[in-house]
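Read through the structures below before going on.
Here chain A shows up in two complexes: once beside chain B, once beside chain C.
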Partner chain A sequence: MVEKKGLSYWLSHAGLILGVIVIGFPIWLAFVASTVTQSEIVSPPMPLLPGGEFITNYKEALFSGINAPVALMLLNSTIMALGIALGKIFISLLSAFAIVYFRFPGRQLFFWMIFLTLMLPIEVRIVPSYGVVAQFGMLNSYSGLIFPLIASATATFLFRQFFLTIPNELTEAARVDGAGPVRFFFDIILPMSKTNIAALFVILFIYGWNQFLWPLLITTDPSMNTIVMGIKQMFPSGDDNANWPVIMATSLLAMVPPVLIVIFMQKFFVRGLIESEK
Partner chain B sequence: MRRTVIFKGWKLPILLLLPQLTITALFFFYPAGQAIWESLFIPDPFGLKSQFVGTGNFEFLLSDRYYRNSFRTTAVFSISVTFLSMGIALYLAVLADRLIKGAGIYSSLLIWPYAVAPAIAGVLWLFMFNTRVGVVSWYIGLLGYDWNHVLNQGEAMGLVVLASSWGRISYNFLFFLAGLQAIPKSVIEAAAIDGAKFWRRFRTIVIPLLSPITFFLLVVNIVYAFFETFGVIHTITSGGPQQATTTLVYKVFSDGFVGQDLGSSAAQSVILLFVVGLLTVIQFKFIERKVHY
Partner chain C sequence: MKARNNRMASIRIKEVFKSFYKTKIIHGISIDIQEGEFLVIVGPSGCGKSTLLRMVAGLETVSAGEIFINGRMVNEDEPMERNVAMVFQNYALYPHMNVFNNMAYGLKIAGTSKKEIKTRVDNAASILQLEDLLERKPRDLSGGQRQRVAMGRAIVRKPDVFLFDEPLSNLDAKLRVKMRLEIKALQRSLKTTSLYVTHDQVEAMTLADRMVVMNNGKAEQIGVPLEVYDYPATLFVAQFIGSPSMNIFKGNSNNNAVTFGDSIEISSKTRFDGEVFVGIRPEHLIVDPDGLLTVRLKITEPLGANTLVYGTVKGTNEEVVISLPGTVEIDSLKNEMRLSFQNKNIHIFDRKTNKRIG
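Moving on to the complex of A and B:
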């Protein structure tokens, strides 16, 4: 680079370290709060270094919680996030394959029907969607949590774009070998899409895990709550003090799975982000 | 590029499309159609029958002071979140780009808040600024400032903006850093040899070359602030005080579920549909251009 190790070099480091500290501070504070007692928090200022109640607080959160044990909410969130990620990948792979590699009447129409869903996120059509799910008797169920969130075209769009970049030489070779559409899909398309599937999985898992409004509406039964929306339910409705240590322990537990995925699958994560916005 | 492998027949492709089409029809077209239908009616208080009012719901909405205010709130909120998160992200990305080593470590340390759900970001910031136990509000109090976002509208807006921008910095940082690293170093070095100092190089080379990414991020962040910040608002302020943080999307929820005003809520959905449509068109127009670069 242009500048060598001068003053500005160290200033860059200082600026970045400051950035990391400021951005990390809310999480650090939450972690500290999850390791101290309630009485230490309610007489401000609370300590800024961790206390000794880590095990007590996390145990209380995981196994008894406030409305439902957090372990159960973690399970619900996992099922929901996996269902959304895998379900969306599954239906999108199939439909993108059909749209790109077949010519049939109505193809354009179906294409636009699917892509219209990009126009209306669930937050906007929330009231009628709730009505439909209630009508189907899917309140407080995993299918009610998962299906309405699968109805979106982002993944289909992404696979379509990717299929269009697969070179003809490759696909023709399979054709010469006499592969039918099914063989062609399993032998050529699926192996080539592996990286894209992984990248998309990371993005969709986080998307599913972090859903808030939809589970808030359709899971009235605490045993079906997901962890992200369950935290809001932990706050008392009146003037009472919230049980901060348990709430903060739950917040951290809610962050761990998606954050770990981002950290350990960073390569796929970055790729997925950039691909899904193209 | 023309693809040469095309399969014939219509049964298999329809079968392949069926899962997605079924889900789209049941959970997208059906509810979206209902929203449009319901927006033309006012249901009676018992939900037994509804009266056709045509554009009545829309006329009422547009004359409603709270609804018009919520447009302004949404604009203030979205623009603040966009500029705050993009500004900080650009600053950090420029710093990281100047380093020969270590940019990777800083990225790893900066990108993970992306994975924190907006609702949880809301809880974290609520905790720091809580009027009774918040650490930050307590220290601000020492300085003689009485923080109370429960009563003060400006402070409530400030807090939801901060909490919404926080997790978004990671995302913008990642794109800005990628953009900066794609600028050929030889161009920068040539300018440096010609005697251009950092600010001049930044203004005349980096900013123009970064403009496609900047524009892209502007659109994406506004869409984010519109639709994905519901969790932040709901956990911190629930739209208050006096609807000071009720954005358009929050109002669809609060009128529909809390207020039980289904006709109005449906009409709001329809209005939002046009807003999203507009944003999508802008986004696609821009993406078209990016592809042709």
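Moving on to the complex of A and C:
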């Protein structure tokens, strides 16, 4: 560490602190708004320090909410995000395994077909997807929330690239040791992919958590609402007053699980990266 | 050779061919490996050694021909069914498993009992001095230790055959010599039939009970190391085995008389008419004031135990290298040197077929 406290040192720190304030201030305001009463918010000037309604507001948000209790929406979101992340990882591990380790007719074709679906995000195919899900009677259900989002060309591609870096000799050593394809997958490939899985899990969990359009479309029952769309649903239509403290509390609560996932999983994949299993 | 015939051939490679798509790599090789024998395949890079070994292992299909292990045709068998163990050049240890599990993995798959696995792994670990490392991951081991783990993984399985693909080429020179001796001692005590691939002729000469010299997908010669050294069957073998390489001069044979160099005439036991190559190993040239061969000196390389002298043959300007024992002070003013040789150390090859004729 070079200890150099010149002008550039102070400038760069000032820049960073300014950045933190710019990003952190709205969150702080949201927090303040979630701890005061409705009347305190609507009467200017807006308070800048937390008030005394923290427990009341969060209790109201969590257990009664506006359309549905936030606790329930959090649960729905968690199930959806976990389902999407784990499902995507599972499917793309299997398809990458097939593409890299098995020689079957049309292998390249399938790979490119999977790759092409990268260009078809849910927004592009939302009408047919809705049709299919509706026909299967999966509206307002977890499977309807999860399955249409589960295929992942990105993850398949990443796993494929990773498998290609696993030395051939290792595969052959496993064959000589008598490991069939299934054993090889579970005993060698899966543990070696740990780091990649952890990293992808974080990214895909947040991807799933932030889904907005799709849940909005297929969940009409408030008890199936997810939190990200739920916040939008809380805004009143027409002349009703928005219950800002509860909405703000909900927003902050919606950020907690992704933040926890990042903090918790970070340990795993940073350690994995340092250990470098190859 | 006679004594071996009444023993069972442990591996029989019969007229084996291999091509990748249109490219032919192995052009019909037949080798019989006796039970307990240590057979080394040596040859230059790209000659198909690994391919041949991998066909025996079952990692590569056989294009034509048959491979037998213990009398059973194994062409269609998976590697595991052949009961072979292989040591790879880069060790191929499972990076996420500790040393114990690396060695135990094959046994676990085979369904061996926990107790038996532990006994066998502990036994292998003590033979290979790995007892203190059983909990370590491969990345925390030195090259030599990894090499030992790879060996351990092979021996715990008690296979019918050990296959080695250049297992020492990633080690430094000193460790290579040490591990070479260990492998040899281990194979001696286990008496497991072994097939060992290397491009290093010193390794081949020291390890082999018999060796196969391969070139361009063909077995040029199969024999015990000294036999191959003393009686190379082809020009290629003559030049490939021995360091520095054998000196080769153009010559002519007329009946039993062979002439080469500056009209040097020698007699050969074999009658032959036509163009030949005459070969003499660098260590078989002797400094002799009355010698027939006159060499113009270029440079010397003192190696300590011996000295290499490079020069050209007077008359034909062919390159020649001489290995003289000890440190030799060459009088730099006297830049010519006379050398003699014994007739028994002369090798004669047909220049058309490159085959040995005497």
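The definition used in the following text is that the second predicted complex is superposed on the first by the 261 of 278 C-alpha atoms of A that agree within 3 Å, B and C clash if a C-alpha of one lies under 4 Å from a C-alpha of the other, contacts with A are read in each partner's own complex, and residues count from 1 in each chain.
Quick note on the criterion: a contact is a pair of C-beta atoms (placed from the backbone, for glycine too) under 8 Å apart; a residue touches a chain by one contact, two chains touch by 3 or more.
Computed from a predicted structure; not experimentally measured.
Partners chain B and chain C, once the complexes are superposed on chain A, both fit on it without clashing.
Look at A:E172: by the touch rule set out above, it reaches both chain B and chain C. Of the two partner chains placed by the overlay, only chain B lies in contact with A:S95; chain C stays clear of it. Of the two partner chains placed by superposition, only chain B is touched by A:M46; chain C is not.
Of the two partner chains placed by the overlay, only chain B lies in contact with A:F104; chain C stays clear of it. Contacts of A:L75 after superposition on the shared chain: neither chain B nor chain C is touched. In the superposition on chain A, A:V127 contacts chain B only, with no contact to chain C. Looking at the shared chain after the overlay, A:N210 reaches chain B, while chain C stays out of its contact range. For the overlaid pair of complexes, the smallest distance between C-alpha atoms of chain B and those of chain C rounds to 8 Å. The interface of chain A with chain B overlaps its interface with chain C at residues 172, 174-175, 277-278. Of all the residues in chain C, the ones that touch chain A in their complex are 54, 57-59, 78-80, 84-86, 88-90, 92-96, 105-106, 109-110, 139, 153, 157.
The part of chain A that touches chain C in the complex is made up of residues 167, 169-170, 172-179, 183, 187-188, 191-192, 194, 275-278.
Residue ranges of chain A in contact with chain B, taken from their complex: 1-3, 8-9, 12-13, 15-16, 19-20, 23-24, 26-27, 29-30, 33, 41-42, 44-46, 48, 90-92, 94-95, 97-105, 107, 110, 113-114, 116-121, 123-133, 136, 147-148, 150-152, 156, 164, 168, 171-172, 174-175, 180-181, 184, 206, 209-213, 216-217, 228-229, 231-232, 241, 244, 247-248, 251, 254-255, 258-259, 261-263, 266, 269-270, 273-274, 277-278. By the touch rule above, chain B contacts chain A in their complex via residues 1-10, 12-14, 16-17, 19-21, 23-24, 26-32, 34-35, 38, 88, 91-92, 95-96, 98-100, 102, 106, 108-121, 123-125, 127-128, 132-135, 138-139, 166, 169-171, 174-175, 178, 185, 188-189, 192, 198, 216, 220, 227-228, 230-231, 234-235, 249, 252-253, 256-257, 262, 265-266, 269, 272-273, 276-277, 280, 287.
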